[in-house]
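Given below, in the form of structure tokens, are the structures.
Next come two complexes built around subunit A: one with subunit B, the other with subunit C.
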Partner chain A sequence: MRPLSLALTAQRARDGTDALTRRRVLIAALFLGVFPWLMPYKALAINVLIYGLYAVGFNLLYGYLGMLSFGHAAFFGTGAYGCGIVVARWGKPWFLAIPAGVFSAAVVALAIGYLAIRTRGIYFAMVTLALAQCVYYVFFQAESLTGGENGLRGVNVRSISLPGVSLNLLRPTTKYYFILFFVVVALWIVSRILASPFGAVIEAIREREARARACGYNVAAFKLITFVVSGALCGLAGALNAIHLSTVPIESLVYETSGLAVIMSLLGGTGTFFGPFVGAAAFLLIQDLTALWTEHWQLIAGAVYMIFVLFFPRGIWGSVLEWLYR
Partner chain B sequence: MTLAPDVLALQLLTGLALGALYALLAIGLSLIFGMLTVVNFAHGAFFMVGAYVGFFLYGLTGSFWASLVGAPLAVGAVGLVVERFLVRPLYGRGLDYPLLLTFGLAYVLVEIVRILFGKQGLPFDTPEALSGAVDVWVGYFPLYRLFVIGAAAAATLAVWLFIDKTSYGLIIRAGARDPVIVRILGIDIARVWLAIFGIGAALAGFAGVLAAPLQGVAPEMGDTVLAEAFVVTVIGGMGSLLGAVVAGLLVGVTISMTSLFAPEMARVCVFALMALVLLVRPQGMFGRAGLLS
Partner chain C sequence: MSGDVILSTIGVTKRFGRFFALRDVTVAFNRGSLTSIIGPNGAGKSTYFNLLSGALSPTTGKIFFEGRDIAALPQHTFAHLGIAKSSQITSVFPELSTVENVRIAAQARRVRYNFWTPRARYIELIDKAQALLEVVGIAHRGDLPARALAHGEQRALEIAMALASEPRLLLLDEPTAGMSPVETRTMMDLIAGLAAKRTVILVEHKMKLVMGISQRLVVLHHGEIVAEGTPDEIRGNDTVRRIYLGGRKF
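Right, the complex of A and B next:
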């Protein structure tokens, strides 16, 4: 039940009449290319990339399909552990580890999605939260593989040799562009999905599920596929985070991490292409700036989030779009 | 490992004490959802605030009874303020918004408690009069756990009598069926909703103060409890009081029994139970089908 103005925006986007939309991946890539120089320091820029991608994955499910999950930490964490275990425990290179992380996140998403899509509406939020908590306990208990409470240490990917070049990931700028490559590929995939008939169908399901079903679409299959793709994208974000941090903290799997995706997407604007990145940047900047003068930055971040839910439900980018297409 | 029947019986009682707390939480969640169609993500935070208010009053007055009465009242008052000023503006804006808001509220409440009481968890002594063990025929059982079962049963009974036997309860049941008709009959449904949110929050606070001597108090204690309370409501069926009680006890007993055989599987088992219920009966044991569609 989206207001007409935004529905029109989506319509223009699909018609490809809108330059901002038609070239959205290019614009995102160019902007993120210069982004590190707009941030106080490089590590923050890397965090924006990773959590932005995480929020993009979440937004595909909530913003476009309209299913509110409170369990996306399960995919972020599984992706991180999947990648981390391949590197730290089995000593395999990064080009096997990252796909392994994405794949394991997709498998977990398939299992959780299979159960969760049987429920609808707000039941879905509760069931995803509970099942993600279950994933947390499993990883917590499998101490020999995951390091349990202490997290997984020693996910060391220091340098990467490609034909012709060798990348030194200890340099923050190099690491940023290494991660950016994966993020841009992921954004391109999301953009393609949204512009395809598949993307149109999932938005139709969000607007009115019964009508989409009456049109002959297999709603359950569309939901499950979107859920798995969303989980895989969040798994990629997790895998990149494991390489970025060289460790996988057990906190990757907790309820707060699931909430982070919700907060970031809502701050930026759900159901918009750039919104999740805007939200991730806004949240991490709030965290970074308020942490300078108080350790209780969660209070500020939580309050800002509540103000957005109450008064600006379209988020920062959604409000900008609304103003642009008045 | 040999398991004597008396060990099993004692473990069953432990499970019932745990389950009684889950039932209290799930009743609050279910009441709020059944009336307001709000999924209260701050329910775990209300539980935690209840425990901390109890801790504060216990330290201030030295009387556990004071905290047992004061904590639900304080958390109930918080609930009233939250419904009136934060949740009420969101009615009619879709089911997701109250949920998203209460989630943010939980975030803020946890941080406020951290500011007031510190980040570390604090121990909560079992009150003198309720410490020790009593002979329950199969063996000795901690008196305090028996007290938890009794107190939770009393609170549940009170809620049931209030809803099923009083004229206020009649309005509440009618409001859950059809708020529009109730409003047409000249009843201020907004005040009923306010009261229900307050009662639900107070029950969470009561569960919190009851749980405090069992596990101490910590700012994060509400997070795990929230997930488990959701599991209970999903198993029992959203909007059903009987479902909340039965599923709460079932989950409590499941946890305590599995921790006897395979402690590391105890929590996971609960989620497996939920998965099973979802596969067989997605609306929960006592839930009405299509309530949430």
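Right, the complex of A and C next:
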């Protein structure tokens, strides 16, 4: 192929018009379908699903809209507590609890986003961080509801009765596929959004905000909507984590969890569809494998991270794409 | 020459702190005309352009577009009113393909808050983008990312993006800044062609360039209008010659 047609292919992939891009959700679903057998154990595969979704939600805001948030733990945590409280405190079933988690995360995202989108760059990062800390303290203090520093225990969803079948979530494989269902639906939604006219506009805003505004787009509205969708996706990841762990640790809301989304996205490749998922898988694998032989696994994870930031700024998946399309 | 007025500014003043960038500027622009705003550096041309295009709001005064006061409207509404601009500093979406740049601009008036339909489904927008690239002469570059275009081509792309909103009023701020003589000629021909179908207001530093194609000129100096008239009238105006050209013949 001539270089121009290569550039063309790359561009079609970017615009979401080539065959592979149009089938990216199916490809992801098929791969994730066999993924547990590629992992050392099933619980790790479940973690990759959950944190992969978390990073995908974050990447919608950072990679596609271009706004770096340091407060996404607020949405992950609110989603987890929202779902957990409905199950553990109010004794309601999972199919109410998960939407409740997503909804509460979206509400918190609306409030934080409303305040934060007035700023940009480092100020945006600082404002989101500060507001996420506020959310942390609210949940920390509301001990009767959230369990405070001990976290929320007893988020027990042991089995799920669907018409005709009953799923035993104590079996890791069943739990994996239960969670995978939600993750694939979420990926499908993200994929549709990115390929839609709305998705085109948020990339335009990332590229040049002033021009997007001059084209006739209400930039503030697009930012707020994207912020809320991003928060809702991270909330879903949190809700699934609550069901996975049967508890909600207060650590779901700490700023390290916010940082995790940033690290995973950068490691995998921001602004790409699969990048955040690849980054989450890579990060969790590094953590899992190195933690076996040293308690200072963060030194190794940090070194890998630095190598990528310095030499492969497009991240793992971004570099693969670059190599494929040149 | 009192035709149908499309845009007028009445007593427009823009102050930055204690500095008056514009002082009491009153001008009317006729529909279908090509008017150039000229003046030496620091005359307030760009400030005036930013007021007309909605990037800034005047400190005092009114701006009427088709009879409606638009002075305080947010910038993103201007494209929907029928005003589009190409600013002095090239402003495109560098990582997106050239045709996608124009498609996004065209999309703004057709569909905005659709989260679900694949954008490729709006074939008419892609066709429109391609046709506009044809108009500005860079259709063969459509698939390249905008950052890969030459400077002159990027300016042409910006004009295609401005045209995508089907403006009745097109604002251009120094569209030939930084261009080679060949690029400049191509651009001026393009602008003359565009002006045949719509109202164009051109802000330009180089007076010579706009003499041939403008029906009217407005000369700004130190934020105030010092002359206004046809190219011939401006050519013969002593004040203009003194302050703008340092007394040289042109």
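Note that the second predicted complex is superposed on the first by the 311 of 326 C-alpha atoms of A that agree within 3 Å, B and C clash if a C-alpha of one lies under 4 Å from a C-alpha of the other, contacts with A are read in each partner's own complex, and residues count from 1 in each chain.
Rule of thumb we're sticking to: a contact is a pair of C-beta atoms (placed from the backbone, for glycine too) under 8 Å apart; a residue touches a chain by one contact, two chains touch by 3 or more.
Keep in mind the model is a prediction, meaning the values are calculated, not measured.
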First, second, both or neither for A:288, with subunit B first and subunit C second: neither
First (subunit B), second (subunit C), both or neither touched by A:263: first
First, second, both or neither for A:207, with subunit B first and subunit C second: second
Touching partner for A:215 - first (subunit B), second (subunit C), both, neither: second
Partner chain(s) touched by A:199 [first = subunit B, second = subunit C, both, neither]: second
Contacts of A:322 with subunit B and subunit C, given as first, second, both or neither: neither
Residues of subunit C defined as touching subunit A within the complex: 53, 55, 74-80, 84-85, 87, 91-97, 100, 103-105, 107-109, 111-120, 122, 143-145, 148, 161, 164-165
Contact footprint of subunit A on subunit B as seen in their complex: 39, 41, 86, 89-90, 93-97, 99-101, 103-105, 107-108, 110-112, 114-115, 223-224, 226-228, 230-231, 233-234, 238, 264-265, 267-268, 271-272, 274-275, 278-279, 282, 292-293
List of subunit A residues in touch with subunit B within their complex: 1, 68, 70, 115, 118-123, 125-127, 129-131, 133-134, 137-138, 141, 254-256, 259, 262-263, 266, 296, 298-299, 301-303, 305-306, 309-310, 313
Touching residues (chain side subunit A, partner subunit C) in the complex: 4, 7-8, 11, 14-17, 22, 192-193, 195-201, 203-204, 207-208, 210-219, 225
